[in-house]
Amino acid sequence: AQQSNVTIFGVLDVGVQRIKNGSKTLNLESIDGLQTSRLGFRGTEQLGGGLSASFHLEGAIGPDTGAGGDWRRRATVSLASKDAGELRLGRDYTPTFWNISRFNAFGTNGVGAASNLVYGFDGASGTAKTVIRSDNSVGYFLPDGLGGVYGQAMVAAGEGSTGRYVGARLGYAGNGLDVALGLSETTNTLAGDKFKVFNLGGSYAVGALKLLGLVHNSKQTTREQKNYVIGAHYNVGSGIIRVSHVNAHSRNTANGEDYTGKLFAVGYVHQLSKRTSLYTTLSKVNNSKTGRFLIPGGSAIALGDDSNGIEAGIYHSF
Amino acid sequence: AQQSNVTIFGVLDVGVQRIKNGSKTLNLESIDGLQTSRLGFRGTEQLGGGLSASFHLEGAIGPDTGAGGDWRRRATVSLASKDAGELRLGRDYTPTFWNISRFNAFGTNGVGAASNLVYGFDGASGTAKTVIRSDNSVGYFLPDGLGGVYGQAMVAAGEGSTGRYVGARLGYAGNGLDVALGLSETTNTLAGDKFKVFNLGGSYAVGALKLLGLVHNSKQTTREQKNYVIGAHYNVGSGIIRVSHVNAHSRNTANGEDYTGKLFAVGYVHQLSKRTSLYTTLSKVNNSKTGRFLIPGGSAIALGDDSNGIEAGIYHSF
Amino acid sequence: AQQSNVTIFGVLDVGVQRIKNGSKTLNLESIDGLQTSRLGFRGTEQLGGGLSASFHLEGAIGPDTGAGGDWRRRATVSLASKDAGELRLGRDYTPTFWNISRFNAFGTNGVGAASNLVYGFDGASGTAKTVIRSDNSVGYFLPDGLGGVYGQAMVAAGEGSTGRYVGARLGYAGNGLDVALGLSETTNTLAGDKFKVFNLGGSYAVGALKLLGLVHNSKQTTREQKNYVIGAHYNVGSGIIRVSHVNAHSRNTANGEDYTGKLFAVGYVHQLSKRTSLYTTLSKVNNSKTGRFLIPGGSAIALGDDSNGIEAGIYHSF
């Protein structure tokens, strides 16, 4: 009886991967070539009058080692109204994350993901806790039925430490077009320094082709990173060809650091069903003389070295 | 097929909270204003002849950060007979816990919970591992059908360390009245010191009103804490008004410590459905000159300072 | 809807246990007397043409303390064909593990398990990470319909550390007979030392009796352990009597260590249903003069001391 309230869902995505940084090659088992492996539970209760309550618990899984156990992908409770929108509390994706995910040909997963470069500064994700998700958040989502306009805003408590976040995203989707703007500010040191993100992305689908583009800038005191991303999906039968190019430029006026990384990636996804795919991706990161961008998972990289990755895997969702 | 053996259940309870200890205020996201956020699995197999086997796995969730993964709320297997009662093995609530939970207007959750003061000594829960639950336990529960009498007993192994527990609870429920007595002894240091708990609680429901009361004493060597709690629930339409008062008195004859804390709490729960509620609670702890009782989650408290808490949240169960 | 893709399954197995090593006795709550307590999720998607995709997530639970949260028993995604066999990626059991599990009267659980002695060297499991399972594995399983022949092979990446595994198992099952051979090699130090396992086991069922036997040898540089195991199951009504004898011989030519341990175990399983049993097991390990084999969980053992274990518990699966 009670069980009907709950949907179990997840992804197991495991592949084999080879990362070459400079001259050092490492063979790995990958766990998120197409999407991050995960397990989740969710459900919605209709309360009448267009009002509903819902919950969502979702945690990452590392099928290479059997890791898992938390719900740090998302752990939220919501109260939603058809007309007034959704109030959502808990750990959730930040509004500014979604443009990175939605408007890149490889999303944020695998060797070809633009996020390998654009997260935070310097290819190092986690500069701010809120690059992808935020703890202690209170979010608001616009309702459907606004003529294609969608949007969300989030505030998150720092709880006496860093991580106080304020951000929003506003977009429009219709007639094959999808564009959105994101803005945020995070208190990123105990001294109160602000980590600021601005991004603007879009996609346009016409026939078998979908074009994607993103501008993503992040900034904190003397450091700044500007990223430009373009990509495309092309449907061929039950498959999708994916290509992406990223240009990331990192500067720090305090120490004169100034370098660029360029990522080129191409991949193919073969859909065995709606739930199951085989895929392969090839990706290359070229650094400028002092650059240190890389595809994560491999050996340490020396300044200016290139980073190369190739992977093939099985994606299965449930 | 096999799935029908298992019920998935849980709670997501997230709110916003402000704790003021002395002059220091902290804003927080709370995760257990009404009940602790949790995920669980349970099931029962009928074995014939009134005999059944069952299991219960339940773990706390921290939706503010996505924490979770263990089953430390309860992890038990049971063999039960309609006539002879239930044998239960694993990690479980101690018998002496239940009076704290059942006979307080705010249960053991949120800023208004009497447990903020009565657990262990000195407002510090965890003085003994067995204040709430015990590892390595073997429990026995009386069967139904004893004319309103209920009861349970537990022994738990220390496994060569501390935590050896022996305790029991005996009660009577009928005609709106519910009273129960609890007693326990825990080996609480490697030297063999005993942590002893005695409590006696009750509730009486008449019309829309329910009165609750508890005496809870804990003792170890030279330390002792005595607590008196009174409270009430009052149903108004689809809501419940809750009020509670706690008087906690801590003494240590070894160093002359002797202080008192008083908690006053009032709250309102608005039920949107059986599964979903909105709630708010206001709570104040007044310490005597050297007291250090507090509502947990805020800044450190100075001796004699007051502790104030207010919270509002969404409770959703599944 | 989506939920029908997923089967929830698990085991809660909790008992009371007494381990006596030398003269030191310890009382414990056990969590795997018959099978390891666990929770899992699995599902299979038919892709047409005899092809299927499936996933399996399974993690151990410690109901004595409520431990849990990972999926380190097994976390795999598979693509399988009725004719060509199964490709399986993720963390999984090694091929060489299965002979230890299948051809011992007590499997690998409880005080009577042969694995208490045969794992790794010197009764110490974990000498190599791959004694039971392997991270980062790619496995292949022969299809059904090969006239009783079954088999599997696995390679696992070391990912720049130890744990690179290559192994296989080949067997035949039919007419009450089941025999299988296992072989593996694991890179077990950063210097490249090889941990090698060879085992050959079998069982033969005739009427109410099943006989089981195993030879299991492991070797690394100067260390070697040879194990012989024999055992039997005898069905009596809804119960099974189990007996086992293990002879383990450990040698290290580098330091002259040379000792033997013998395990004798007898137990009874009473099946209340297909899903639920009560059981008890008695086990004794006798060491030669410098031996240090033991039943795990008790106090430390002195060279040459005996180790004794007795346990009784409830097993419930779902």
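So that you can tell them apart, the chains are marked A, B and C in the order they are listed, and the count of residues begins at 1 in each.
Definition applied: contacts are C-beta pairs under 8 Å (C-beta built on N, C-alpha and C of every residue); 3 or more make two chains touch, one makes a residue touch a chain.
No experiment lies behind these values; they were computed from the predicted model shown.
Novice: Specify the angle of rotation obtained when superposing chain A on chain C by their C-alpha atoms, rounded to a multiple of 5 degrees.
Specialist: A turn of 120 degrees brings the C-alpha atoms of chain A onto chain C.
Novice: How would the chain B/chain C interface be labelled, same or different, where same requires over half of its residue numbers to be shared?
Specialist: different
Novice: Suppose each chain is reduced to the average of its Cα coordinates; what separation in Å results between chain B and chain C?
Specialist: Once rounded, the distance between the two centres reads 40 Å.
Novice: Can you pull out the residues of chain C that are in contact with at least two other chains?
Specialist: 3, 6, 8, 68-70, in rising order.
Novice: For the complex, which residues does chain C have touching chain B?
Specialist: Listed in rising order, the residues are 3, 6-10, 12-16, 26-29, 39, 61-70, 272-273, 275-276, 278, 299, 313-314, 316, 318.
Novice: Note which residues of chain A are touching chain B in the complex, please.
Specialist: The contact residues of chain A facing chain B are 1-3, 5-6, 8, 41, 43, 45, 47, 51, 53-55, 57, 59, 68-79, 87, 89-91, 133, 135-138, 156-157, 159-160.
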